[in-house]
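So that you can tell them apart, the chains are marked A, B, C and D in the order they are listed, and the count of residues begins at 1 in each.
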């Protein structure tokens, strides 16, 4: 059975299971999505592409954007960014303020909200036109001008994002936010509102399967070492407090977003996106987790 | 430059750096070790072996034994052991009681003390002669009868192990210890007292680089899936609250012990042991961390 | 309406209300008590005594004994005991280990289990025959040889007291327990097993309404300053994490025990005991709290 | 020795001791105060007044205003305000966000910042012109139109109040703030900026020594029960995580502010203000604590 057949087969299996999860409800705009959507797309570094289900429907990538904002900050500042954000799993829920207090305003890692907000602050300091420049960076990775922010989503999130306002001001009270919290949050809410479909997202993340080089012209986006390290971070911190579970059951670096997408990267091989909007209690796509667990079990291909 | 030369080269570099760490002091017997010891040994799945420095000197493997006790419990009980211990990084210091309270007596993972104590409890329930049977299991993996417990170490640890007594009784108060705490702790202190040298330890851990099969006769010790999952756990939880850092900088599954040893596993390739007794502030070998970071940087071989 | 009539009146009111609480279940022997028992007794410093209901039935005073063990340690060592235990409310559940970790083994106050265990350790260090000497001290306060330990209760508690074993060993790991944990816990479980009836208990606590002097011969048991300070501690810390609520609604220093008794002290006036075994969710007598709130509302006599 | 002589005597003693504390530094405007200021004033319910030192110099009462805003909200809404804020000591530092997370946005008590912010939110909902109406309420208590806000202080606090912005938005994320966070914080920063001298402050707080009635015409400001309960709250929660210590050593209800003032209330007797700007590590006036401890020791007058 080849990769295409395995994906189709698992897709049919998982499509049929009862969805125990819930749509993300705290962002009103996200709650409007059709919860039956279910799409999968794989892109390989030898230029194969295969999608199934709603793989051409756009969605909000949400926290998955944190990998992209980190990539841009990391390639600009190098290892010095780790003075402002850690590389350890948080061990608690994705929006907890507790550890920030203990750790004096240094977020545990760049993939929890607190960490991504610090990365946004860094981007504001280093970019001339933060929103435009970041979008241009993302588009340049896969040569895809079809990627855009969603104003509805960012506005919807801004209207209810009191906890993120709290996080940003709390970190500022420890002097780990340099710019005006309102500007930092504006960029942060925009990053999270990036929209694309499963195919676009899997092609976008191929650079992390390709030692940091974008596929279409092999240009180095980030260094090989940076690419390995971002993969390591995705493995240990990519799924909030279900990161250990994902490493354990799926065995690949990956990142999820509350929009219901998960992207998994098999270094030297592929990037695989699953999108299904209903989330489990930890905030990760219910069917996405099932699909990927089944996928690496069947292919026996994991990094372990 | 081949593997042997790289190891020799890094060994010389790291040997010369100033040791900032401290000997583990809370176990009196461990504090007697010569802090200048520094040994490295690599064993590959194609039967190559190479050692340098004090690679033939025995040491106490301490927490590294937690991987072995987990292996024995896991192969006997299968996935049901995860009802009693989790698979998530702990996010806090290795002996914290805080999360146990929140998590109602279910330790975060089998590599923190609390988790290893629960695994000891499981072993007492499933083994006829726990101490003897566990030792026989360990010896059988690498066909090595030279591996033994150290009575001095286990006794020394027992005399000062009040925090572990606290942990065990605390978990018992949540009904997640079945047997008498005194028996559970007796086994636990013995497991941690296992002694061997770097060569023995690297040969022992080769089964995790070999999909769960021991090398000398290819017999399956644990299943391939179990082997991958234990590797995943080592990557996310093997270094207390420095696990993210190790994944980030070294990029291999591994486990450290306060005796100063670190074992790193590259699936399909090798097991590599570094031993140097002085520990950094997180309780991991100072030179061991340096050596391994340099090693995967130079070989560009990590799982990411 | 005089005090006797007010007590009788409230007694009838509270007797009739539905009991929402639960018997303490974690100590098997306590769960055998008839949950309908309801007794009240008041003793005043001008030698008036009045009881109603089951005021002559004995019960286990449990944590109320912590005030007595503190009194004995305090009068012997003076202010130096505060080097080993604090005077601040704990803010969390009565058996939490969390703050002990933050506070390096110094319990928040002498009325949480951790603090009372440290006081037991102190008593072992300063008394020749701890159990006998403590009992003699208690009896001497109200000249009452009818007060005794209950072997059944202390044994019952010992059989299930894993959390207290954990606490004691945890504190020992911070070097704030000097003696053998087994000895400390043996004394601790005995202290908590003291038995007496409501009348005996209210007469016993009169010394705290009398500036530290026992009533029958006006002899100073503890100094006036010590008496005031113990009253202050009862007010801020006497009811676990319902201490604020008790100060707020009742407005008197007091102490509760899981045996269902509460003793309240009005300095210069009286000691009042209510006993009803069913406990609210915070571990304090459900009817006891109702009775006392009503009592100070009706008499308009509180310290505020 | 009468009260006046005792005060003068203690004043001289405490004036001479070395000041170990620090000026509040996080609000720039507060750091400009002369740290040598030291004033005391007592007002009794039988109309005696006595002051010493800088008792006529104005200062920022800061958190002491939280008692006044609570009084206004409490008299308007009655017991229903306790659905939105608790009455328990917090057990942790005064600006901690940890417990808010556990307690789902219900602050532990109205005297920590989080609780006072919720009270500010309540005032905005119930007052037509919150700032003006609150000031009028305060002035009406002691018939003193000389009490005013300080624009410099409120502005200075607003410029650096990131942690309070965090708190307010965090509580809002739990739906326990009804109004716009910016409005709530604007009122909050104004409340804290109230200025008066020691004499004015002690006369103002006399209503809490007088069962809720203002002295000059005996009009009930809050009910007797409310007055007792606010006194109870001051005793258990008035000094952040030093509340137990204050109850223990001073034995009176009281409230401190980072401006260096402490007001202590002896029900049925007096209100006593001490002002000295250098703070101990818990954020309470260093000399203020010393003075009051000495005062109740010498007068032997405490509520215990």
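Definition applied: contacts are C-beta pairs under 8 Å (C-beta built on N, C-alpha and C of every residue); 3 or more make two chains touch, one makes a residue touch a chain.
As the structure is a prediction and not an experimental result, all values here were calculated from the model.
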Chains touching both subunit C and subunit D, listed by label:
none
Centroid comparison with subunit A (C-alpha atoms), farthest chain:
C
Report, in whole Å, the distance between the mean C-alpha point of subunit B and the mean C-alpha point of subunit D.
55
Counting in whole Å, what is the centre-to-centre distance of subunit B and subunit C, each centre being its mean C-alpha position?
47
In whole angstrom, the CA-centroid distance of subunit A from subunit B equals 32
Show the residues in subunit C shared as contacts by 2 or more other chains, in ascending order.
none
Looking at which chains touch which, would you call it a line, ring, star, complete or other?
ring
Listing of all chain pairs that touch each other, if any do
A-B, A-D, B-C, C-D
Subunit A contacts subunit D in the complex at 96-98, 101, 162-163, 165-170, 172-173, 181
Would you tell me which residues of subunit B are touching subunit A in their complex?
86-92, 99, 108-109, 224-225, 227-229, 231-233, 235-237, 241-245, 247-249, 251, 253, 267, 297, 300, 302-304
